[in-house]
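Across the two complexes that follow, chain A remains constant while its partner is chain B and subsequently chain C.
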Partner chain A sequence: MRSATFVPASLGHTTPLNGLRALWAVVRREWMIFIRYPSWVVSLFIWPIIFPMGYILTARALSGVDGSGLAQFKLNTGLTEYVGYMAVGTMIWMWQNVVLWNVGGALRNEQMRGTLESNWLSPTWRFAYLLGASVPQLVSMLSMLAVSGFEYAFIFGVKFNGSLWLTMLVVLAAIPSVYGLGFAFASLVITMKESNAFVFLVRGIVMVFCGVTYPLAIQPQWMQNVAEWLPQTYIIHAVRSAALSTEGFQGIAYDLQMLLIFGVFWLTLGMLVFAWMERRARQTGAIGQY
Partner chain B sequence: MSDIAIQAHQLIKKFPARGDSGNDKKPAGESAPAKKRSFWPFGKRAPKSMFTAVNGVDLEIQRGEIFGLLGPNGAGKSTTIRMLCTLLEPTSGTARVNGYDVVTQSNQVRRNLGTVLAGERSIYWKLSGRENLQYFAALYHIPPTVAKKRVEELIERIEIKDRANELVEKYSTGMRQRIAIAKALLARPPILLLDEPTLGLDPQAARNLRELIAQLKQEGHTILLTTHYMEEADQLSDRIGIIDTGKVIALDTPEGLKRRIDQKEVIRLELTGWHADLGDKLKGIAGIESLTSHQKGEADLWEVNMQAQNSRHALPRIVESISGNGTRLVNMNIVKPSLEDVFIHLTGKALRD
Partner chain C sequence: MQTLSEPTLVSHLLALFALIRKDWKQYWRYPLNAISSVFHPLVWIAPVYFMGLAFSANGKAEGFAQYSGTTDFMSFILLGTVLENFINAVFWGMGYALKNDMDSGVMESNWLTPIPRLLILIGHSVTNLIVTAITSASMLLFGGLIFGFHPTGDILAAFLPIIPMMLGLYGFGFAFAALVMLMREANAMVDMSSFLVQIFSGANFPVNALPRYLLPVALALPLTYGLDSVRARLIGTTPLLPLNTEMVLLVVFMFVMLWIGTWSFRALERRVRVLGTLGQH
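Here is the complex of A and B:
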């Protein structure tokens, strides 16, 4: 029966460097797949214009032909730049929305394609699949935010009076909260097999409570209390302060502090939910089920 | 180094029975209530009943052998394979792959295993064949210089060199399956788990793949193979385990298995106008031990196989039962039992059931 005289030995060696190479391979794979769908790349340039437009035109209509209604807007927000105000709110909303769909659906898409199981069978650290899939998504979203900034400055004449560096600092501080929620979501979707209802719920909550198109001050107190527990509230407020006003660091200090706390919370929760999902999948076989 | 590549001892896997809200529904396998308390506050949930997919599997696969695992759908082959490759955790029992425990040393197990589980679906269709192999080489922690050489070696070996840079979505099923096998071979693992590797391939592609599997055995790989094609199992396997209702019910060489029903004969009929009542009638004939039927390619032409201790005694009653009621006998043979017949004898089902 045994005709073999040579027993093959694995060529792989698990070292931290090889682990990093595996993570990089996931990033490259995801990026290559992304750019092979040209419509996704084109949408990076089109969506920032189309999506906030409805809200901006509504605001223009409500502010009156001569803009007389803007005085009330300034009273509530401290700003006159309502186009920039709407654009910032809707872009942050869109960022969270796209993260929920893309990062949140990253593992589920692999599961439905059939490739999740073949990834899971390798000796790579499994969180690398989620982390690696998030990096190209983060790059594309940051590009979209940058593109939208240019588009609003040059097409709509929005005056970004604030600081580019402070805006970038806020975006950086927002990443752990936005993606931590995405990680937790991605892990839950693997177990529940369905993401649509939850995405609609989360983005609806953000839209209503976080002041995407209106200042929090106009909400009833109970809604303002809810908004305080949502990191998107602080992201939107801080980006508006940093990009549109001249308040400087003082205007965003509290928001940054809250974003760091939320960031630690959501990243930890995201990783814990992932670990729970991984353990549960080993017991139920969920990885191979689609 | 031990001579045993894969070892499983009393491997059991239970799942909550699907769509079952209580214990009133008895699943096909053993049923046992799980003592899991729900945190759902509105009303009490009845305890779940459990479905036993694998029920005490014992296996010892020698180094360098091809071991065929056969069983009808739902018999527990895939669950067994998934436990061996660490995708599933056993409810109880132990398994070791290349000496490593599948639960406590799962990473070492994965390093020593090459797997083809979902065939063409296990690779990325939006990447080229070469990109797929480079990607999986990194996941298996193969150093870049070694990986580059290994990828090119495998591209040559599976004969896709001219099309290695094309996207996999443009490949045929056979080419995709070859990429999936090359992926499993990347790290040159000592043990390969091939789950239905020739499924969906045309006859020529399947033959080529079988040749490749035989070569891999010559190179020293231990191969655990599941297949729906009995001839394939017969041709490739050194030993075969037949699994049914979660248990290994027979384990021997293909010849050894066939010897088990050497004294029996298989009566093969081809007829038109087949109906279920006729099947019951034929099963009732003294000396007929098992019966399977399936429709052949042509319309209304059926093949019926029956195992009998002595065909000469049974034949007159068979012919008598068939005549009338619109049934017409087209052909009849007495044949030597094949591995398929062994399988039917043991499980009462054809492999594709």
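Here is the complex of A and C:
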């Protein structure tokens, strides 16, 4: 009987338009969840102040009452001030950290809530679940970066002598690497289950190796070699150069080139790991377990 | 059943034990997370170590000594991090555990059991405290090997101020957990609050390095005196106040915080029951 076996077109024949509609639905849902908790919104304004503050105040203590430590810092690093330097480094670290928790944890959160398996069974474009979670996150993160800039200028007195446009260009070039890593991470986490450990590991590597609060030259050579393989090293250097110095495009050209290469690599890897996880999930049937 | 109709001390202790056992099982169910909690604090310390080197000559931070009384900034920070772990254990152990219960849908049913609510909170924090004690000892061991840790004072005497400090912290944790219940959100609140408390209590730097307008905040926190006292006794830093005065302050703060915490928890918990939002998240 025709009527008994009727399947709605959107379910029976998935089209790119269905995929986009599913994506939009996920974006809307994630945005609603985000604004449901006002403290999440408030934290976008608070974290950019308090996180660098911990390092800046430690540096202030290390400087000493008479500034003798600061003189030593200048001698050791060649830098004349540390506030803007640390503010920018910690800001980029926070961006990567939040992406790891939110984008990287998007599928894991669904798994914990018990909705992942049922969503997975719907005939939708599955990557939409991950991509959809990234869109509101990207909007909130770009807002946080803008808010951070204002707060650093007005509260910490950071002088942004560089170019706003070049800074925006660097942020744009950084997006594929930062989110590509988030995609790969999200897929890995729902397979391995232990999201905290993985976030701690990845953000720890960034914190220790990428020169978030100190120049790379302070580190031993082997650590500098590791840093060269991490996109965050280039993002931090490029944003510092674009926002704080007057070096212009020349100061960020190499970093941009590296970021494009890393961007292609991480986005491709992110999608490949997602495809692998999707296939594995169907084979093992363990997607709903946590 | 006797334990349900007439709760006794034994039945309460049994409930407490059940809570601790459940949290303990859950914690070790994710072994990678457990192992990472040992190394994670070291990750926070590593940048400070390199920063310290940038401000030092021949491994000695003379500028730092002007504020703290010691050039050994790594022992100062390692000790601060260990105590900070305990602060986190109480914050996350209570507030976040309630949020976890809300998310997994067991909060309301747990609340209906004839167990004192404060006991549920204490039960949630015990596993965290045990785990923190283990991880902190391992952290001191590894941190000491990597960065160097040089205690020069009396370890037993250094433990004394920890007792009133931790008990006072519990009072703080009660009030905080109630706030989490009311707001139905924990991550951002716990994260921001514990971070702010760590900054202002001087976990990573001597509080007298704070700008003058922020110093009163630090001096109003009992934890500041706890951390200061432990460091002065163990690594010989210059204390903010005479050690006996700090001890008296810690004991007074302990009673005040326990009273405020218990009172606010009861008031806010009643409010949540009136609103009927206990099961919501």
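The rule is simple: the second predicted complex is superposed on the first by the 258 of 290 C-alpha atoms of A that agree within 3 Å, B and C clash if a C-alpha of one lies under 4 Å from a C-alpha of the other, contacts with A are read in each partner's own complex, and residues count from 1 in each chain.
Going forward, contacts are C-beta pairs under 8 Å (C-beta built on N, C-alpha and C of every residue); 3 or more make two chains touch, one makes a residue touch a chain.
Note that this is a predicted model, so its numbers are computed, not measured.
Student: Who does A:61 touch here: chain B (first), chain C (second), both, or neither?
Tutor: second
Student: On the A-aligned overlay, A:21 touches which partner chain: chain B = first, chain C = second, or both, or neither?
Tutor: first
Student: Tell me which partner A:204 touches in the superposition: chain B (first), chain C (second), both or neither.
Tutor: Second partner only, chain C.
Student: Between chain B (first) and chain C (second), which does A:287 come into contact with in this model arrangement: first, second, both, or neither?
Tutor: first
Student: Let me test your reading of the model: by the given contact rule, A:272 touches which partner, first (chain B), second (chain C), both or neither?
Tutor: neither
Student: Determine, under the contact definition given at the top, whether A:72 touches first (chain B), second (chain C), both, or neither.
Tutor: second
Student: Just checking: does A:261 make contact with chain B only, chain C only, both, or neither of them? Give me first, second, both or neither.
Tutor: In the superposed model, A:261 contacts neither chain B nor chain C.
Student: Identify the partner contact of A:43: answer first if only chain B is touched, second if only chain C is, both if each is, neither if none is.
Tutor: Only chain C; A:43 stays clear of chain B.
Student: Touch check for A:219: first (chain B), second (chain C), both, or neither?
Tutor: In the superposition, A:219 touches chain C alone.
Student: Using the superposition described at the top, list the residues of chain A that contact chain B and also contact chain C.
Tutor: Dual-contact residues (chain A): 37, 113.
Student: Would you pull the chain C residues touching chain A in the complex into a rising list?
Tutor: 30-33, 35-37, 39-40, 43-44, 46-48, 50-57, 61-68, 73, 103, 183, 185, 187-189, 191-192, 195-196, 198-199, 204-206, 209-210
Student: So in the complex, which bits of chain A are touching chain C?
Tutor: 37, 39-40, 42-43, 46-47, 50-51, 53-55, 57-70, 72-73, 76-77, 112-113, 192-194, 196-198, 200-201, 203-204, 207-208, 212-215, 218-219
Student: What does chain A use to touch chain B in their complex?
Tutor: It is residues 1-15, 18-19, 21-22, 24-26, 28-29, 32-33, 36-37, 113-115, 117-124, 282-285, 287-288 of chain A that touch chain B.
Student: Please give the residue numbers of chain B that touch chain A in the complex, ascending.
Tutor: 1, 3, 15, 62-65, 79, 82, 85-89, 107-108, 110-113, 115, 117-118, 121-127, 131, 134-136, 138-144, 146-147, 150, 167, 180, 183, 186-190, 217-221, 238-239
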